[in-house]
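Labels run A, B, C, D, E and F following the written order; every chain starts at residue 1.
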Amino acid sequence: MMKPRNQILAIFAALALSMPLTVQAENQKKSDTWLPSLVTETPQEGFELAIKLSRMGVKSTQPDKETLFREREKYAQKGEALIHASEVIAVHFQTVAAANNYWK
Amino acid sequence: MMKPRNQILAIFAALALSMPLTVQAENQKKSDTWLPSLVTETPQEGFELAIKLSRMGVKSTQPDKETLFREREKYAQKGEALIHASEVIAVHFQTVAAANNYWK
Amino acid sequence: MMKPRNQILAIFAALALSMPLTVQAENQKKSDTWLPSLVTETPQEGFELAIKLSRMGVKSTQPDKETLFREREKYAQKGEALIHASEVIAVHFQTVAAANNYWK
Amino acid sequence: MMKPRNQILAIFAALALSMPLTVQAENQKKSDTWLPSLVTETPQEGFELAIKLSRMGVKSTQPDKETLFREREKYAQKGEALIHASEVIAVHFQTVAAANNYWK
Amino acid sequence: MMKPRNQILAIFAALALSMPLTVQAENQKKSDTWLPSLVTETPQEGFELAIKLSRMGVKSTQPDKETLFREREKYAQKGEALIHASEVIAVHFQTVAAANNYWK
Amino acid sequence: MMKPRNQILAIFAALALSMPLTVQAENQKKSDTWLPSLVTETPQEGFELAIKLSRMGVKSTQPDKETLFREREKYAQKGEALIHASEVIAVHFQTVAAANNYWK
């Protein structure tokens, strides 16, 4: 969801652009949607979706971007944390692959 | 389940509001239900349900809110704990996705 | 299974209560049954069964109740152990959910 | 497989008991079989099979009984190792439950 | 995707080789594709694909090759990290095996 | 794949044995095949295949036998590493069991 201040800015932007507010609201909603579907065209795109799901899982526990970047910087330097990150991707890739009937 | 003291308070509240006790009991039961279904409208709502399930798992081992918040504050600062939290969400997301036939 | 001493006590109890021994044996067997079925009425009851299965797994490695309680007290204070406990519940919840055809 | 010395002893035993060697060989083979089937009568027996599978996994890496007992004694005192042991049981229980069509 | 500088070099190379740019673009796209399919001819090739998927998961978190090689060098010396790496392969192998209907 | 030196030795061996080189090549290929199928006759053989898959996963990250043996020696003395090794076997056993339709 947008923060209140962003909503106010969005209203001003809508006024400035002479857009009806309902359209603006529609746009807001769309921008909040980061997972419209588990279906992808290729296995590789499915793998990228699995990476995205893993990161959104991390973000749900730590939404603060600065902390996230600092921690990612640190664990990306540690082999064992990298293996663990790869494991989470593997679990999500199972889900995405099943959703796409393994792209068969 | 409600604690005895809460039940007594609920009875007083029901009396004060002139509500029949059976309705009150019904309300109590509803407020205890946090997982009525695994079905969600969209994949993204399914992901949010997976986050909820992960947290309810943690809460089942440590029901004390103060301890929970203190610990969440701590592990949200550690990259490796964040990856682990993301893994639990991934496992639950598998279940929720299967329950929704992958929103196909 | 009951320990020999408990079996002797059960026989005395059966005699004292004038119950036929076969009935008593039946009762013994029932009290040992903690997992009669994976089927639950609601998803939430399924989640509670998953919690139970996780704990029975821990208990199978450490049957001594005193040690169990001491350890649970300790790990319930550590964020990372709580996440791990939540993960085990997630794995069992997959099984229970599949057994119930996801309560669809 | 039996160690050579045990095989010799088995041959002597077979001679002593006047059993044909083929029957003896059959008995040997049977005593080596610890996993004849994944099918169990009840969910609870399935859970016990999952515990057995977890232990056989540990034993396959460390066959020495003395080391195994010493290590089990140690990790049974640590909450986090107990959770991990419970997780392995959970993974095996998924397999056993599926093999039994969830005892439905 | 190719970096801009590489794209310019590719255009020069295409000109030099008198190749039509569309063909060149096609080649670029192909070289970016590392996961065209989950289908393999044999179980063993499927296992190798699982290893590749595990590594691509690590690479997605740490794209810098030098850091990757340094870390791999380190964790390849630690038994516990090796077990963890083997676990990620196991999770991916589940996906690949299902995609190939277990090569039955 | 065979190392160049081994290939030379193989050619000499083929010459010495008057075998046609194509047959020799066929033999080489066969000796490289360690996973011809996921199908096993019994659940127990399936469990042994799961152990093999776990070890091949470790070997894929650390192919040096001396390091492997040294590390196995070390982690086989640690309860928690033994549990982790057992977990990897459990994940592979899921795959093998599914491939064999649970030996039903």
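Definition applied: a residue touches a chain if its C-beta (ideal position, glycine included) is under 8 Å from a C-beta of that chain, and two chains touch if they have at least 3 such contacts.
None of these values were measured; they are calculated from a predicted model.
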Subject >> Minimum number of chain-to-chain contact steps, chain A to chain D >> reply: 3
Subject >> Third chains touching both chain F and chain E >> reply: none
Subject >> Rotation, 0 to 180 degrees and nearest 5, that superposes chain B on copy chain E via CA atoms >> reply: 120
Original post:
Rounded to the nearest whole Å, what is the centre-to-centre distance of chain C and chain E, using the mean of the C-alpha atoms as each centre?
Top reply: 45
Subject >> chain A and chain F, separation of their C-alpha mean positions in angstrom >> reply: 39
**OP:** Measure off the straight-line distance from the CA centroid of chain C to the CA centroid of chain D, and report it in whole Å.
**Re:** 22
**OP:** Provide the list of chain D residues touching at least two other chains, using ranges where the numbers run on.
**Re:** 72, 75, 78, 84-85, 87, 91, 94, 98
**OP:** Have a look at which chains touch which and call the overall pattern line, ring, star, complete or other.
**Re:** ring
Original post:
Starting from chain C and stepping next to chain D, in what order do the chains sit around the ring?
Top reply: C, D, F, E, A, B
Subject >> List of chain C residues in touch with chain D within their complex >> reply: 33-39, 53-58, 60-62, 67-68, 71-72, 74-75, 78, 81, 84-85, 87-88, 91-92, 94-95, 98-99
Original post:
Considering the complex alone, what residue numbers of chain F touch chain D?
Top reply: 42-44, 47, 51, 72, 75-80, 82-87, 89-91, 93-94, 97-98, 102-104
